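Shared between the two complexes below is chain A, which pairs with chain B and chain C, respectively.
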Partner chain A sequence: MLLKIAPYLLISPALVFILVFKIYPIISVVAGSFIRRGELSVRTYEILFGDRVFWNAFLTTLKMNAVMIPLQIVISLILALLINNTIKGVGVFRSIYYLPVTMAISVASVTWGLMMNVNNGVFNSLLSLIGVPRQGFFTDPNQALWCIVLMATWKGCGYWMMYLLAGLKGVDTAIYESAKIDGAGYFTVLFKITLPLIRHAMLFVLVANTSANMLLFAPSKLITEGGPQNSTNVLMYEVYKSAFRNGNMSRAGAITAILLLLIVLMVYLQFKLMNRGEEDA
Partner chain B sequence: MSTLISKRQKRALSHTALYFVLGLIAMIALFPMVYVILASFRTDYEIFKYALPFSKNTIIPVEWTMGNYREIFDKFQFATPLKNTFIVVGILVPINLLISSLAGYAFAFFNFKGKKLLFSIFIVSFMVPIDSIALPLYSFIASLGLVDSYWALILPSVSSGLAMFLFTQFFRSLPESLLEAARIDGASLIQVFIKIVLPLSVPVIITAGLMIFVTEWNNYLWPLLVTRSPDVRTIQVALAYFKDEHETFWSFIYAASSISAVVPVLLFLPLQKYFVQGVTSSGLKG
Partner chain C sequence: MPMRKFLSLLLAVMMLATLTGALAQSGGDVVTIKLMMSQTQEPGVSAAVAAFNEAYKGKYVCEADYLAFDNVFETLEILMSSKSSEYDVFAADGPNIAAYATRGYLAPLTGHFTPEEVALFTPPMQDECVYKGELYGSAMGDSSLVMYYNTKLLEEAGVTYDFQALTGENRISWEELVKIAKEAQAKLDPDGSKGIAGIEFQQVGRTYHMNVLANDLGGKNIGEDGFAVDGILNGPEWIQALTWYQQQVEDGVFTKGIPANETSSYFMADKIIFYLGTTAMPGNFDRNGMTHYAYTYVPYFEGHEEDVTTSCGSWTVGMNPYSDKVEAAVAFIKYLTLYDGADVYINASGMVPALTRQFTEELMTAKPYLRIAQYEGANTALVRAVTPGFNEYATAVNALWENVRNGSDPVKAADNCVDELKTAFLEYE
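After this line comes the complex of A and B, so read on.
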C-alpha cells in the first residue's frame, strides 16, 4: 500500500509548486484575455488584431527569431564539434565558451549597449582601426535588431553547446572509425551519421532555444526601449509595456496567449520535422 | 619515410589551425567581460578620453582606481542587494534540489498511474520562462500579500522542471539492482534515497544547483516587479536602478556589472568538471 502511494508522495511537493506558480498562471493568463468587464468576450483580440503596433511587433519577433534561432543552433553545433576534439587543453576552451552564459542578460545588455555606443563605444574604436566609419548600432533602425541578435548569440551559444556536446559524447567513436575506413568525408559523416545520432539532444536544444528566444526582451527594454522607430519592439516587450506602463492587463494577457500559442506551434512543427527524420533514418 | 614526416607535419598543422580557431572564439567570448572588468577600474573621464582613436588605452586603464567600487558600496549601499540575493539563493537552491530530486526519484524508479501526464506537466513548465507568466503570477503574489518580501522571490522558483528533468535522467542511468531494496520494502525507500542514490548523484546535484543559482542570480524582470523597497532588492534590480538614476556614471555600472558577472564565474570554474559530467549524464545521448 505504502509503495503504491509512495511515488505520488515523492512528487507532490514539486507538483504543488509547479501547479500553483507555473501552470495556474499560464491558464489564468489565457483565460483572462477572454474576459472583459466580467463577461466572456473576444473584444480584446478584435482590438489587438486591428492594432498596427501589435502587427509590427509580431513581424519584428518573427524576423528576429527567423535569423536568431538557426544562427544560434548552427554556431552551438560548430562549437560543440570543435570542443569534442580530444586535444590538450580543450577543457579550458569549453569553460571559456560557457562564461558568457553566466552573465546576466541585464548586465550583458547594459555592457553591449555601452560597447556599441555611437560616440565612445569600444566597437566604433575597433572599427576605426580598419577604416570603417562610425556606426549607429543600437541607434540605427536598420542595425538595432541585428545588434540584439548578435548580443544574444554571444551570450546564448555556450549554453546550447553544452547539451549538444553531451549528445556528441554519447556517440560511440567506433562508428567514426569505420566510416573513415569506408572513405566517407567529414561532411558525409556529419550529416549522415553524427547528426541523426544526436537528434534527441538537437530536439531538446531546438525546443528550449525557441521558447527562450521568442520571449527575449531584456535588450529591447534596457538598450533600445523598443526603438529606434519601433525596430526592436518585440511582442514580449509589448506585453511588458501594456501591463506595467499602461496598466492594460487584458491586452498584455492576449499578447502573452498569442506568444505561447506561437511557441507551441513552432515546437509542434519541430517535433514533426525531427520525427520524420527518425523514420527516414 | 618522407610520407611519415609529412603526415606528422600535417597533423601538427591541423592542430595549430584548430588552436587558432579555438583561441579566436575564446577571445570573442571573453572580450566583453574583460572589457567591463578593466573599465570598472577607471574613471568616466578616462573611459571617454581614450575611446577614439583606438589605442591600447581604449581598453587598458592608464591609472587604476578602486574608486568606483568604494562609491557603489559607500554611496549606493550595494552590499544590501548582494546580501539579499545571497539569502534568496541560499534558501532556494537547497529546497529546490531536495524537492526536484525526490520527484526525479519517483519518475525514474516507479511505475504509476498518470506518470506520463505528470512528467509532461513538468516538461511544459520548464519550457515556459518566468517572464511570460510574470503578469498573472504578480496578481497572485499580490493577492497573498507577499509583494516586497523574500517570499515573493523564493516561492515561484522553489520548483524547477529543468532540475527535475536532470535528476530523472541521471537516476535512470543508475543500475537497477541498487534500487531493488527500495521497491521491495517501502520503509527503506527514503533510506535508499539518502544512503545510496544521493551519494552517487554529486555531479547532477552540482549541475542542477549551478543552473538554479545562475538563473536566480541573473533573474531580472520578476525581482524588478515584486521588490519595491531597497531592503529586499536583488543585485540585478539594483543594477537597473543604477542605470535609471545615475545614467552618466558609466564606471559605477561597470563596477556593479563586474561583481554581478564575476560571482557565477567564481562558482562555475572550480565546479565545471562536475558540470560537464552532470549535463552529459542527462541522457541526451543518441
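After this line comes the complex of A and C, so read on.
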C-alpha cells in the first residue's frame, strides 16, 4: 500500500507548487476574462476582436517573432559551433558570447535606448563618422521594431548557445571521425550528422525561445512605450497597459488567454515538425 | 542553584517586558495611517507629514511611502483592483478622480467635509475633485504653465526682446516666439552640432502640456459627456495644432527623442532656450544651481488671442474605501489640504496653492512666479479631459503627440487616435 502511495507523496510538493503557482493563475486569468462587472460575459472578447489596437499588437507580435526566433536560433547555433572547438582560448570567446545574458533585460533595454538615442547615441555618432545620416532608431516607426529584435538577439543568443553547445558536446566524436574518413565535407557533416543528433536540444531551444520571445515586454515598456505609431506595441505590452494602466483586468485576461493559445499552438506545431523530422530520419 | 537563579531572573525579565509592552499598548491608542505619495511631491509632503505627526502626537501617526511618478498609477491599480487596505490615504492625480471614483477606488469625502471647507478651494480645484456631485479628492495644490527662458543663451544670441514687459493681456505670439527661437538658434548653433533647441514643453509627449497647443487654437480636450472624441481630436483645431507642432519639430525648434523626464536637464544644461513648465521648476533650478533664467506668460496663436489656455490641476489625496481608520485618514487629509499642513506643503513645494486664502502677499513675494500662476488660474486655466477613461485617453493622446513628433501624418494619426479611443471607451458603456 505504502509503495503505491509513495510516488504520489514524493511528487506532491512539486505538484502542489505547480497547481498553486502555474495552473491556478492560468485558470484565474482565463476565467476573469469572461467576467464583467461580476457577471459571466463574452463582451470583453467582442470588444477585443473589434479593436484595431489589439489586432495591430497581434500582428506586431507575430511579425517580430517570425524574424526573431529563427534569427536567434541560427546565430546561437553558429556561435555554438564556433565555440565547440578545442582551440586555445576558446573559453574567452564562450564567456564573451555569454556575457550579455548576465545583464538584466531592463538594464540592457535602457543601455540600448541610450546607445540608439536619436540625438546623442553612440550608434549615430559612429554612423556619422562614415557619412551615414542620423537614424531615428527607436523613434522611427520603420526601424524601432527591428532595433528591439537586434537588442533581444544580442541579449538572448548567448543563453540559447549554451543549450546547443551542451547538445553538441553530447555527440560522440567517433561519428565525426568516421564521417571524415568517409570523405564527408563540413556542411554534409553539419546537416546530415550534427543537426539530426542535436535534435532534442534544438527542440528545447525552439520551444523555450518561442515562449520567451512571445512574452518579451521590457523593451516596449522601457524604450518605446509601444510606439512610434504602435510599431512596437506587442501583445504583452497591451496586457500590461490594460491591467496596470487602465485597470481593465478583464481585457488583460482575454489578451493573456489569446497569447497563451498562440504560444501553445506554435509549440505544438514545432513539436509536430521536429517529430516528423525524427520519423523521417 | 545558579540555574535556578538564572531561570528566576529570566522569568522576572519576561514579566517586566510583558508588563511594559501592555502598558505601552494601553497607554497609546495611537492610530497609524499609511500614505502613498508620488516622489515628485516628497519635499512638500514629507514636511507636512512631519508637522502632522507633531500636531497629532499620541493620537495619530502618518507613515508615508514615496513612489516614483509612473509607479504611483500602476501601484494604485494593482492594490485597489484587489481591494487592498494597505494604504489608508493615497495620491490621486487630479484628472484620474473620475476614473478612480468609477472603479470604486476612492471613498466619497462629501460627508466628511462641510460646504464651507469645500469652498476654501479655488473654483478649478473644486471642479477637479468633484465627480457626479461627490467630492472624491482633496487638492494638495494646483499647477500652472509658465514660460521660462534661458537669459544666458538669449544674451549670447543678442536677442533684445523685452520678455519682462509681457503681461497676461499682452503676450508674445507662438509665431513670434518661433521666429526669435530660430534666430537665436542660428546664432548659437549654426550647424546644429551643439543640439540647442528653441522651445520645449516640460512634459513633452504628454496630454497635460501638449494639449495646450490645440486648446490655444480653440480645440476642446473631450466632449461634454466625457467620451466624445470624434470631431474633436481629429477636428480642424487639433489638426492645425498637430501640423504646426510637427513643422516646428522638423525645423528643429522643438526637440525630438527627448522624454518628458529629461527636458528639465536639457534646459538646465543650456540646450533649450524657451521652456514651458510648471511652477515647481524654479525649485528644481535652484537645487541644481541654475540662476540664468527668467519667466513670463505663455504665448498665444495669432488670431486666437482669446483662446489662450494654460494647463492646471495637480495631485489630490483620496481615501481608500477599504480603510478602517476613517477618522484618522480624514484628519490627515484635512490637515494636509485645508489647514496647517497645506501651508507647510505649499511653502516647501513650489506648487500653486489650491486654497484661495493661500495667495498671500508674503507667498507672492517669496515666489514671484506664482503671480503669473494666480493670473492664469483665474483667466486661462483649463482642466484636463474629465472622463472615467482618462488613463486610456492619456495613453492614446500622449501617443498621438509622440507619433506626430516622430513624423506621422497628423490627420491619419488623429483619426487613429479617435478610433482607438472609441473602442477603449466601449468598456464604459
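The rule is simple: the second predicted complex is superposed on the first by the 271 of 281 C-alpha atoms of A that agree within 3 Å, B and C clash if a C-alpha of one lies under 4 Å from a C-alpha of the other, contacts with A are read in each partner's own complex, and residues count from 1 in each chain.
One rule holds in what follows: contacts are C-beta pairs under 8 Å (C-beta built on N, C-alpha and C of every residue); 3 or more make two chains touch, one makes a residue touch a chain.
Computed from a predicted model, the values in this text were never measured in an experiment.
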With the two complexes superposed on chain A, say which partner A:Asn246 touches: chain B (first), chain C (second), both, or neither. second
Who does A:Gly158 touch here: chain B (first), chain C (second), both, or neither? first
In the overlaid three-chain picture, which partner chain does A:Asn275 touch, first (chain B) or second (chain C), both, or neither? neither
Dominant toucher of chain A (residue count), chain B or chain C: B
Contacts for A:Ile47 in the overlay, against chain B (first) and chain C (second): which applies, first, second, both or neither? second
Applying the document's definition of touch, where does A:Asn120 land relative to chain B and chain C: first, second, both, or neither? both
Just to be sure I read the superposition right, which of the two partners does A:Pro228 touch: chain B = first, chain C = second, or both, or neither? second
Touching A:Thr188 in the superposition: chain B (first), chain C (second), both, neither? neither
Would you check which partner chain A:Gly136 touches, where first means chain B only, second means chain C only, and both and neither mean what they say? second
Is A:Ser178 touching anything from chain B or chain C once the two structures are fitted on A? First, second, both or neither. neither
For chain A, which residues belong to both interfaces, chain B and chain C? 119-120, 243-244, 249
So in the complex, which bits of chain A are touching chain B? 2-4, 6-8, 10-11, 13-19, 21-26, 28-29, 32, 79, 82, 85, 87, 90-91, 93-108, 110-112, 114-115, 119-122, 124-126, 128-129, 154, 158, 162-163, 165-167, 169-171, 197-198, 200-201, 204, 207-208, 211-212, 215, 217-218, 222, 236, 239-240, 243-244, 249, 252-253, 256, 259-260, 263, 267
Touching chain A in the complex: which residues of chain B? 15, 18-19, 21-23, 25-26, 28-30, 32-33, 35-36, 47-48, 51-54, 58-59, 99-100, 102-103, 105-107, 110, 112, 115, 118, 121-122, 124-125, 127-129, 131-133, 135-137, 139-140, 155-156, 158-159, 161, 164, 183, 186-187, 189, 214, 217-218, 220-221, 225, 236, 239-240, 243, 250, 253-254, 257, 260-261, 264-265, 268-269, 272-273, 275-276, 279-280, 282, 284-286
What part of chain C is in contact with chain A in the complex they form? 73-74, 77-78, 80-81, 99, 103, 195, 255-258, 389, 391-392, 395, 399, 402-403, 406-408, 413, 416, 419-420, 423-424, 426-427
Along chain A, where are the residues that touch chain C in the complex? 47, 50-53, 117-120, 136, 139-141, 225-230, 241, 243-249, 251
